[in-house]
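Listed below are the structures to be examined.
Here chain A shows up in two complexes: once beside chain B, once beside chain C.
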Partner chain A sequence: MSAFERALLVAAREIAAERRHPDGLVAALTFTALLVFLESLVLGPGRAREPASASALFWIALLFAATLIANRTFDRELEDDAIDALLVIGGGRDALYAGATLAVGLVLAIVAIVGGALSIVLLDLSVSLAGHLALVVALGLLALPTVIVLATLLALRVRARVALVPILSFPILMPQLLASTQGAAAALSGDPNAALGWSGILAAFALVYGVLGLTIVPAAIE
Partner chain B sequence: MRRVPQIASLHDATVVLDDRAVLHEVTLELGPGLTLVRGINGAGKTTLLRALAGLTPLARGTRDVATAPLFLGHRPMLLRGLTARENLTFLATFRGQVSPDVPAALRVWGLGPVMDRPVERLSAGQRRRASLARTDTEQVPLVLLDEPFAELDPDAVIRLRAAINSALARGQAVLMATHMHHELDEFASCSYVIDEGRLKPL
Partner chain C sequence: MIETTAAPFPTIRLRPWLGIAATAAAVLATWMALVWAPTDAVQGDVYRIIFVHVPLAWLAYLAFVVVFLASVGWLWTKRPWFDAVAASSAEIGVLFTGLFIVAGSIWAKPTWGVWWTWDPRLVTTSVMFLMYVGYLLLRSVSTDFERRATRAAVLGVIAVIDIPIVHLSVLWMDSLHQLPTVLRAAGGPALDASMGMTLGVSVLAFTLIYFALMAERVSIERARQTRVLEARR
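For the complex of A and B:
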């Protein structure tokens, strides 16, 4: 079995567990929906509709949603020491990182679709370049879990993991968050070149952090 | 105490947890057969097994295990949200076992009617049985069992003894940590006692 097949197997397992008990998804959806709703109330309809504000809050919501989903995923792994069964087997650590990243990314995609639809409806957003926006969101969703899952795994056995993961990951994610926000804002306001440029940067982030995670994780998980 | 062929070994292994050495310069070589490790609570039995499984890093010494062992710890090590069948199928597939008959293994352990129930809805004893059924679905050279009789009813104890005998008949090495079940001594090729992290032949 190849490393990729193992990662897919782990991702399928995580998705199956999340499907039966969608705690992470429900928490992330609730949080994202509330944030979009509050955004329209606090900023007022005029400012909330601005591409920069709308996309910034959208990505901030996804950032916290990714943290919630990743934490729930690994809470489940730690219950009954389920994670140890995987770590004992050769290739288990790489597969756990890659599989969990894929699974968190997939659950996050659901949150992004619902959060995006809510933003468009509640804030009455006009999307100038839907295809470019989809590309930016897809690449942003690839890049985000690579760092969040890595930070969650590094802080796996730490009691204050819930607090530590944002502290570890958010500074690293700042450039990425900026690229996602700028890219989405460019797609909303109809600037295709800027949207594609930021998409390229996001693709590079996904690649670099994915490779970094696969390099660090085997030695770092305890 | 050396046996051939060797399946796994620890040489001068020291494990330090929370600035305290919980395993001191342990040397252990395992070949096919049953090896028992006895010791009181906190003596270092679990740490020894986790060190052999590669779950606890060694501060000093070396670990040599050719194939990833099957380690069954205190807890069932099954993912909540999945059924017993899904858990065992996943683990056997991940390990590359060819067509493991998971339903048959679970039925042998008396879990036929509940194998498609999420594991969090099983009793502690049923979860333990499901976990031990992995000895049938993941047949690897080294099996590490940490207090495997805990939470088992008399029927499951009989079933576990049969599973251990099957593993021994297949030529597997079984290392069991327990402070009970002295009747197993007669089947053991080797017995050790561990005291304050120091391993001595019994």
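For the complex of A and C:
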């Protein structure tokens, strides 16, 4: 079995577990929806509708949603010591990281689609460049799980893991958050060049984080 | 296999000399910064804080690059000395980054009229500071020696990405902060010769202080590691 097949198998297992007990997805969706409502309540509908505010809140919601999903994924791995069985297989560490990243990314994509649709409908956002927005969101979602899963693995089996994951991952994700927020705001307000420029930066960060993650993260998994 | 009895670390012999050299350089740098360097035509004497602020920035970068190199060293060789260097440099780096932000804030009040502004350089530096606080937090919550060292090393490698972002943020984004004055892509330093010389001596003094502190801190960390690893036998 190739490394890619092993990673797909781990991802399929995670997705199957999430389908049976979708508590990670439900928590992330509820949290994202809550944030959309709180945003328009706190800022007022006028300011919440501004492209910069709407996209910033959307990506911050996705950041926290990603930590919820990743934590729930690894809670399941730690229950009944499922993770230990996986790690004794040759190439299990790489498969665990890549598979978990893929699974978290897929669940996060659902949260992004639902959360994005909710923001567009409830905040009555006008999307000037729908294709560009989809590109920014897709590329933004590539980098997020690579770092969130990395931080979750670093904090695995330590006290205060839930608090530690955002502390470790959010600073690393600062450029990604900036690029995805600016890119989404540009797509909402109809600036194709800016949206494509930020998309290029997002693709570069996704590549760097993905390669770094696959190169060194397996070493940190015990 | 973890090495428990390391060969004597060369800083043990260098330590007193480093301390003496750092003190002498700091005295000279203080005199040059407060007396010898001329008053700035625009900012007056307020500008003199750059003789502290810029070396602190340099040390913040240096300390975190050392964390990166030592982290790679640990992942590559599993020698505890590398972990001791990474831990020590991260602590000193956090200290210097904190001082760097405070010094910048003291300069900002008379110059910009505010203690803090949402400038990309200030924000990215503060995020870098918090990133390495997170690094120290990660170290503090792990109890097993090897596990802690490996986890911290992975984070130490990834976190280095933030250093170029901090330095280049003033070029990439609209910024109130002045552009790089010494490490410029185009041409040499944009400073008066005597100011540049004073800045050079200050940077040297702070670098010596960093190495003197590192020598002490690494020695403490190595003693702690030896205790932990021998207790585990």
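Criterion: the second predicted complex is superposed on the first by the 222 of 222 C-alpha atoms of A that agree within 3 Å, B and C clash if a C-alpha of one lies under 4 Å from a C-alpha of the other, contacts with A are read in each partner's own complex, and residues count from 1 in each chain.
Just so it is clear, a contact is a pair of C-beta atoms (placed from the backbone, for glycine too) under 8 Å apart; a residue touches a chain by one contact, two chains touch by 3 or more.
All values reported here derive from a predicted model rather than from experimental measurement.
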{"item": "Touching partner for A:Leu154 - first (chain B), second (chain C), both, neither", "value": "second"}
{"item": "Which superposed partner A:Leu122 touches (first chain B, second chain C, both, neither)", "value": "neither"}
{"item": "Partner chain(s) touched by A:Leu212 [first = chain B, second = chain C, both, neither]", "value": "second"}
{"item": "Touching partner for A:Leu164 - first (chain B), second (chain C), both, neither", "value": "second"}
{"item": "Touching partner for A:Ile15 - first (chain B), second (chain C), both, neither", "value": "neither"}
{"item": "Partner chain in contact with A:Ile110 - chain B first, chain C second, else both or neither", "value": "neither"}
{"item": "Chain C-contacting residues of chain A that also contact chain B", "value": "222"}
{"item": "Touching residues (chain side chain B, partner chain A) in the complex", "value": "53-55, 57, 68-71, 73-82, 86, 90-91, 93-96, 118-119, 127"}
{"item": "Chain A residues within the chain C interface of the complex", "value": "147, 150, 154-155, 158-160, 164, 167-168, 171-172, 174-175, 208-209, 212, 216-217, 219-220, 222"}
{"item": "Residues of chain A that touch chain B when the two form their complex", "value": "1, 6, 9-10, 13, 16-18, 20-21, 76-77, 79-82, 84-90, 92, 95, 222"}
{"item": "Parts of chain C lying in touch with chain A, wherever the complex brings them together", "value": "75, 124, 127-128, 130-131, 133-135, 137-138, 141-142, 147, 150-151, 153-155, 157-159, 161-162, 165"}
